[in-house]
Amino acid sequence: MQSDINAYVSTLEDQLITLRRDFHQYPELGWHEIRTASLIAAELARNNIAFKLGKEVFKVEDRMGLPSQAEMDENYQRALEQGADPEYAPLLKDGFTGIVATIGEGSGPAVALRFDIDALPIMESDEADHVPQAGGFRSVNDGVMHSCGHDGHAAIGLGVCKTLKHFESELKAPVKIFFQPAEEGVRGAKAMSNSGELDNIDYLLTGHIAFKAKSSNTLIVSTDGFLATSKLDAVFKGKSAHAGAAPQDGKNALLAAATAVLNLHAIPRHAGGFSQINVGKMNAGTMRNGICADATLLIETRGYDSAINEYMEEKAQRILKAAADMYDCEVDITFEGSAASGDSDSEVADVAREVAAEITEYTEISEDPNFNGSEDATFLMSKVQKQGGKAGYMMFGSEIAENHHHPRFDFNEVSIASAVKLVSGMAIRISQK
Amino acid sequence: MQSDINAYVSTLEDQLITLRRDFHQYPELGWHEIRTASLIAAELARNNIAFKLGKEVFKVEDRMGLPSQAEMDENYQRALEQGADPEYAPLLKDGFTGIVATIGEGSGPAVALRFDIDALPIMESDEADHVPQAGGFRSVNDGVMHSCGHDGHAAIGLGVCKTLKHFESELKAPVKIFFQPAEEGVRGAKAMSNSGELDNIDYLLTGHIAFKAKSSNTLIVSTDGFLATSKLDAVFKGKSAHAGAAPQDGKNALLAAATAVLNLHAIPRHAGGFSQINVGKMNAGTMRNGICADATLLIETRGYDSAINEYMEEKAQRILKAAADMYDCEVDITFEGSAASGDSDSEVADVAREVAAEITEYTEISEDPNFNGSEDATFLMSKVQKQGGKAGYMMFGSEIAENHHHPRFDFNEVSIASAVKLVSGMAIRISQK
Amino acid sequence: MQSDINAYVSTLEDQLITLRRDFHQYPELGWHEIRTASLIAAELARNNIAFKLGKEVFKVEDRMGLPSQAEMDENYQRALEQGADPEYAPLLKDGFTGIVATIGEGSGPAVALRFDIDALPIMESDEADHVPQAGGFRSVNDGVMHSCGHDGHAAIGLGVCKTLKHFESELKAPVKIFFQPAEEGVRGAKAMSNSGELDNIDYLLTGHIAFKAKSSNTLIVSTDGFLATSKLDAVFKGKSAHAGAAPQDGKNALLAAATAVLNLHAIPRHAGGFSQINVGKMNAGTMRNGICADATLLIETRGYDSAINEYMEEKAQRILKAAADMYDCEVDITFEGSAASGDSDSEVADVAREVAAEITEYTEISEDPNFNGSEDATFLMSKVQKQGGKAGYMMFGSEIAENHHHPRFDFNEVSIASAVKLVSGMAIRISQK
Amino acid sequence: MQSDINAYVSTLEDQLITLRRDFHQYPELGWHEIRTASLIAAELARNNIAFKLGKEVFKVEDRMGLPSQAEMDENYQRALEQGADPEYAPLLKDGFTGIVATIGEGSGPAVALRFDIDALPIMESDEADHVPQAGGFRSVNDGVMHSCGHDGHAAIGLGVCKTLKHFESELKAPVKIFFQPAEEGVRGAKAMSNSGELDNIDYLLTGHIAFKAKSSNTLIVSTDGFLATSKLDAVFKGKSAHAGAAPQDGKNALLAAATAVLNLHAIPRHAGGFSQINVGKMNAGTMRNGICADATLLIETRGYDSAINEYMEEKAQRILKAAADMYDCEVDITFEGSAASGDSDSEVADVAREVAAEITEYTEISEDPNFNGSEDATFLMSKVQKQGGKAGYMMFGSEIAENHHHPRFDFNEVSIASAVKLVSGMAIRISQK
C-alpha cells in the first residue's frame, strides 16, 4: 500500500514544488492569506475535494491579533492584483483565511491534519546565492517572507489532499485537512480549534519542516514540551503636559510603562516549572518636552504548562494595572495570541515509525522530548486529546540554508514529497485501525 | 527700660548657665521630656508664674511621631530616677511634655514666645577637649544628646520668664511662654498650635541659637523661606513563602517597597517651586531564602510652600498604594511629623532691630531670606499670621564648636543672656504698642 | 525722532504683513529654513543692506540637533520648488540657514538684534474660522506650521532692517541683525553666538511675540528667569535573541532603557534651585518575542541656572551609562540642543520703557521676573553679558487665538509694526548713548 | 550478616536517642558547633575510633558565611559552659567544627559517609504538646533550634561509627565518616570536600531524615535534581548628605540598592532550565532626612544545574556593580554559601534497595526524581563523581510533627536506628564489592 502511495506522490513532486515556489513568491502575513487560501481552495475544487472556508471554519471571537481593517483592505486589494481567485477571495475577506477540506468516509477513526500557511514580516535576502533569488521566486512583497517554511506546509497539504483523494477508497473514515492562517504570533489556531470542525475527530496529525530535524533523511516522529504562551498588548493612557512649565499637571504614561517593564520581568518565577516573560517592544511619547501621555508594551508570557503560563499572565495583568494606577493612568490590555502547552501521544509516533519504515528517504527516526517553544497547533492537539483522541506533532527533516526566521532561510524541496508520503500513509493507516 | 532689663538679666546669667548644663547632662528625646519639663514647671512655680501643662496645652490627636508606650514607660522611669519633679511628672506622662506659662495682663497686643526643649538620638563625644566633657556635664543618657542647642533654648525660656515676671508691671498685655516638646522630626508644634492657647495672640516670637548666626555678636532678626515638609512611614505587609520551593505563593513586600522607592524619587517635580522627596531608610525581610513579607520605608517630602508639599505628599501616597497593590500587599501609611512653609513679618524684625540696638553684645544685625529647611515653629507662626497677627523667627548668634547635630556640637554660653535680654525686651515693647 | 520712525514704519505695515503671511504659508523646520532665509537675504540685497550668511555666521561644530543629510536634501529640493532664491539657497545648504546683516557705523555702543525664523512639526488647523485658513495662507507643508510666531519675528526683523537702513544716518554705531535658525529644540543659537559675530557687541536685544503679553497694548520690557536646559538623546544597543528559546543570549536594551527612565526621574533634586528632568519619548524593540536590541530615549534637563542644569545633565549621563552597563549594552549619548540660564539687564528695560512711551500702541508696560522656560537666545545674551555688555529680552504684546504650539495658534498682525517701531527706536537710541 | 547488624543496632537504640536529645537541647548554629563536635570526638575516642578534626579536615579559604570573631568567641564560651569537651573544643575553635573518622582497611572500594550537625536560628515552640518541651529536652539556647533534624543526623552518624567499629573485620576497605558543620546556608560542605579527605573515595553516601519520606516505613533510595545555588551579600557604600539642604552632595545607596533589587529579579531566565533569584532582605539607611549611605542586600540564586546558576550569579554581579556605579557608590559582594547541582547514581540506589530488603522497618521504597531544592552535600557528591566514583542521597522516612524549619518540627525517633542499620549495612556491602 505505502509503496503505491510513494509512487503516486513521486508523480506529484514537480507540481508541488511549483506550488511552493508560487506561495513563496507571494507571501502573505497572518489573516491576510487571501491569495494563498483562495488558490488552495481553487485547487481543491479542481480536484473535486469538498471543503468549507471562511466564517464557517472559525469561532469568530476567538481570532486573535487581527490587523486593522485598513490593513486588511489594503492587503485584500493586493491579493486580487496578484492573482487571488476571485470566486473564493470574498469569502476569506476580513480575517477568515482558513479552509477545512474533507476526504473519505466510514466509521473508522476520524483523522484531522493541520497545515499552516502564513508568512513573516521579514525582508527576504536578495543575495545572488540565496536560492529563491537565484531561482526567480524571491518574495515580491516587500518586507514579507516565507522564512519559516509554511509555503512548504501549504504545498504538503495540497499534496496530501491530492493523494488521499486518489486513494479515497482506502480511507475507512473521513479525513479533514485544516489549512490554518496566522500561526506566527500564535493567533489563528484557537479560533479554528473551537469552530466545531474538530468534534468527533479521533486523531490529529501535524508538524513542521526542519526545526530540529536538519537533514532530509531525518524524521522526528514525536514532539513534547510545547510551552504554553500568551501574547498581550498593554496600552497606557495618561495626560500630556508641558515638561518644563507644568509637569505636575501630567499623568506620565512613560513612567508607568517603564515601571511595568521592570516589574513584569521581576515576577517571581514559578517553582513548578519553567516560566518566562518578555516585553519585546515599547513605544511611548511623541516629544522630548512633553509629559508622555501614551505608551504601548508588547508582552509575552510562557509556561511549562498552561497553569504556569496562567500564573505569569495573571501576575502580569496585576502589575500592568497597578503601574497605570501609580501614575493615575488607564491601561487597556488585549490578548493578541496564545498557545497551550502540549505533548504528543506515543500511539501516533508508533504509526509514524511504521509508515516511515516504508519510505526510503527517512533513514533516521527520533523523538524530541523538549521542544521548549510555542506553537498554536497545541490548541488543536489538546482539543482532540481532551475529547479522548490522540495527537502527534512531527518534524519533517530538511537541510536548511539558515535558521528559521532568517532572511536567508530556505529548505530542501525534496522534503515536500517525503512528508506527503508520510502523512498520507499515516492518515490511511489510522483510518483503517 | 532696656538697660534695666540688661542689668537684671546679667544677674541671672550664672544660674541660667547652670540650668542649661543640667538640661545638657540629662537630655531627653521628643515626647520623653519628663525631667526637663517637670523641672521647668517647678522653677515656674517657685517664681510664682502661672502655667498650664500636659493635656491642657495640646490638641491630643495632632501629636505626631509618638514613641511606643513601652518606650514612654521606660523613659518615664528614668526621668524619675534622674530627678524629675514628682509633682509635675505624672501630668506630663504619655506624650504631654509641654508647658504654657502666662505673665502680665492688659489690653495691649498679646505676645507668645516659643522655646523647644528636646534632644537628639546622637552619642555625645567624650573627647577631652569637648567642653561638656571637660566641664563634667556630658550627657549621661547613652546615645542621647543636646546637639542642637535646645538645652540653651530651655534656659533662655526660663530666663525670659524670670525677667518678664520681674518687670511684670511694664507688660500691657499677657505674654504666653510655650515650652514645646519634640521639635526634632517636626512632631510637637502642630498639637500645641491647635490647642487653643494661641487664640487671641497678636505676636509670636521664636528663634534658634546659632545656625547661620555664627558669632555671639550676630543677630538675625528675620528668617524667611521655611520649607513645608511631611514625614511619612510606610509599612508594607506581604506574605512569606520559600524562595526556592514556592516563590509563587509569596507576596513580595521587598519588591513592592523597592518599586515604591524608585517611583517616589521619580515624582515629576512641581514647576511652581522647590519640591523634594527622600526615602532615608528601608528595612525589609528577615532571611535570604524567604519571599519578604514585611518592609518599612521612612519618607519625607518638602515643598517651597505647603501646597507644593501637599502635591508631593499626595503623589507619594498614590505611589505607595499602587506599589503595594502591584504585589498584592497591603500598605499602612502614617504621618510622623510635618511643618508648614513660612516667612517672618518685617514688623517683628523692626522691633528686634530696635531692641538689639540697645544690647551691646549684638553688633551685627542681618536677615536670612532663605532658610531652606524645615522647623515646626512654622505651625505657631502661621496660626498667628492667619488670625491677623505677626510672627518672627530670629537666630541668636553664637560661636559653635561643630555644626548642629554633630557629636561635638557646643555653643558659647554667653549667647544665653543676650537672647534673654533681646526677647524680654521685645515682649515688653510689643505689649506696649 | 521716534515719531518719524513710527510714521515710516506705518508705511511698511502692509508689506510686512504680506511677508509674514508668505513665511507662514511656507513654514520650514529648524535647519531647513532655505526658502525663508534665502528670501530674507534677497530682500536685504534689494535694500542694499550688507550681510553675511551660511558658514560664515556659525561655529560649525556647535550646531545641535541637525537633521539627517537625506532630510536636508529633500527639504532643500522642496525649498527650491517653493520659490527659494536660487542665488542664496546654495550658500545656506546643509544646515547653515542663518544671516547676519549690518547697518550703520560709528563708535557708539554696538547693538545686535536677534530674530528666530523656524517653524514647528505641527499640523495646522484647517478649520474655517482659523485665520490663516480663512485668509488663504495656511501652511502648504503638511505637518509643519508656524505656531510659535517666528514668521512674525522674521517679518519684524526685515521691518527693522528697512527702518534702520532708512534712518542709517542716525546710527552712531553698527547694528547687527541676526536671523537665527532652529530655535525650537534650542539648537541654533549656540553656533551663532560662538561664530565671532558677537565680538565687540555692547547691547543685545531680542524678544518674542505674545507669550505672557497677551494683548497688543502690552509690552514686557524685561524677562528674567530663563531656565538652563539640555536636550539629550540616548541610544542603547544590545543584542537580540529569541525570548523563548535563548533569552540568556540577549542583551536587553529595553530593560536597560526602562531602568534608566526610572532612575533619571529619580535624580535627587538640587537644593540650590529649581531642577527638572523629563524623558518624553522612548522607542524600543521590534517584536514581542525577541530580546530587544535597540532603545532610544529623548531626554531634557532643566535647571534654575546653568550650574544646576549641568548637575542634572552629569547625573543623567552617569545613569545612562550604568543602565547600559547593567545589561551589557552600549549607549550613545548625543546633545541635541541646549540653552543657558539668563536674566535681562535693567538698563535695556529702561531704554524700552522710554521708547515705548512714544509708541501709542503700548499702553501697558510690565516686567516678567520669572519666565520659567527655556530659550536659546540666552546664549547670545550671556555671550554679550560676559564681555561686559547688556542684554534684554522683551515680549511684544499680541492677542492670540490659542496658545503657542497649538494647531490653531495665530496672533494679531498689528503687533508686527509696533515691534518694529520699538526695536528700531531702541537700536538708534542706544547707538547714540 | 544484615540481621547481625540489625540486632546489634537495636542494642544501641536507647543511647542514640539519648544522644539525639542532648544535641537537641544544646543546639548550635553553623560554625559554632563546638559542644556538638567536641562531644562527638570524645565519643569516637571512647570507642577507639581514629579521627581527624579541626583545621586538618577543611580547605581553610573555602569556608563560607563565617560568623564574626566576636560571635565565635561568645559561642565558644557558651559551649564550654554547656559541657563541651575541654580537650577537643580548642581544636574546633574559630570555624573548624568538622570531624572525619576512619574505620576499617583493605583494598575494596573506599566509602565516605556524611552527616551534618548544625541547627537553625529559630525559636523553638514551648507549647505543652511539642514533644521536646514535654520530654524536657527543648532548646536551652534562645532562638536556636534543631528544626531540620541534624540532631538526628549526628546521632545516626555516631550509631554508624559504633556499628562499623563493632563489625570492623567485615570491612574490606576504609570507611570515612564526615561530621559536617554549617549545612544551613550551604556554607560548610565546600571546604570539607576540598580538604583532600575525599581523595581515593569511591562511594559517597549521605541523606536526610524525612523531607519527602514522611513515614518511618518509607525509604527514598535515590534523590535527583538538587538545584545549584549561590548565596551572596551585597553591601553598598554611598555618601550621606542632608536630604533637605544638600541632596546633591550625597551618593544614594538606597536608590542604588532598590534599583539592584528590581533588576536582579528581572534577569531574563535561562531557557536551558529552571533558574531563580531572590533578594530576601534589605537594610538601608538610618534616618529619614539623610541621603542613605549604606545598604545591604541578602541574595540567593538557584539553577537547574551549576552552569545555569552561574549564569544567574554572573548577571547578578553585573547588575549589582552597575547599580552601585549608577549612584557613584561602591559595592562589596561576598559569597556566603553555595551548593552544586547534583543527581544520585543508580548503583548506590541498588545497594540501598538490597539492604533495605533486609530491614523490616522499610516497607515502602521509592525514588525522588526532582528534589527542587539545594543541599551542600552535592559538593561531596560531585567531588566523588568527578573522580570516577558513585554517590547517593537518600531520605530516611520519618513521621514529622510539622515541616522542616518550623518551630514545632519534630521527627519520630524510631527512624534513627533504621537509618543506622541501613547505612552501616550499605557501607559494609560496598566495601566487599
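General observations
Should a chain be cited, it is by its letter among A, B, C and D, assigned in written order, with residues numbered from 1 in that chain.
The rule is simple: a residue touches a chain if its C-beta (ideal position, glycine included) is under 8 Å from a C-beta of that chain, and two chains touch if they have at least 3 such contacts.
Quick caveat: nothing in here was measured; it's all calculated off a predicted structure.
Here the chain-to-chain distance from chain B to chain D, counted in touching steps, is 1.
Chain centres were defined as the mean of their Cα atoms; on that basis the chain farthest from chain D turns out to be C. The mean-CA centres of chain A and chain D are about 49 angstrom from one another, to the nearest whole unit. Here the spacing of chain C and chain D, counted between their Cα centres, is 70 Å. Rounded to whole angstrom units, the spacing between the C-alpha centres of chain A and chain C is 53. Looking at chain A, residues 243-245, 247, 255, 259, 262-263, 265-266, 268-269, 271, 276, 278, 291, 372 sit in touch with two or more other chains. Listing the residues of chain D that touch chain C in their complex gives 243-248, 250, 252, 255, 259, 262-263, 266, 268-272, 291, 311, 318-319, 321-323, 325-326, 328. Residue ranges on chain D touching chain A, taken from their complex, read 262-263, 265-269, 271, 273-276, 278, 372. The touching residues of chain C, when paired with chain A in their complex, are 185, 227, 229, 231, 243-245, 247, 254-255, 257-259, 261-262, 265, 276, 278-292, 295, 298-300, 302, 336, 372-374.
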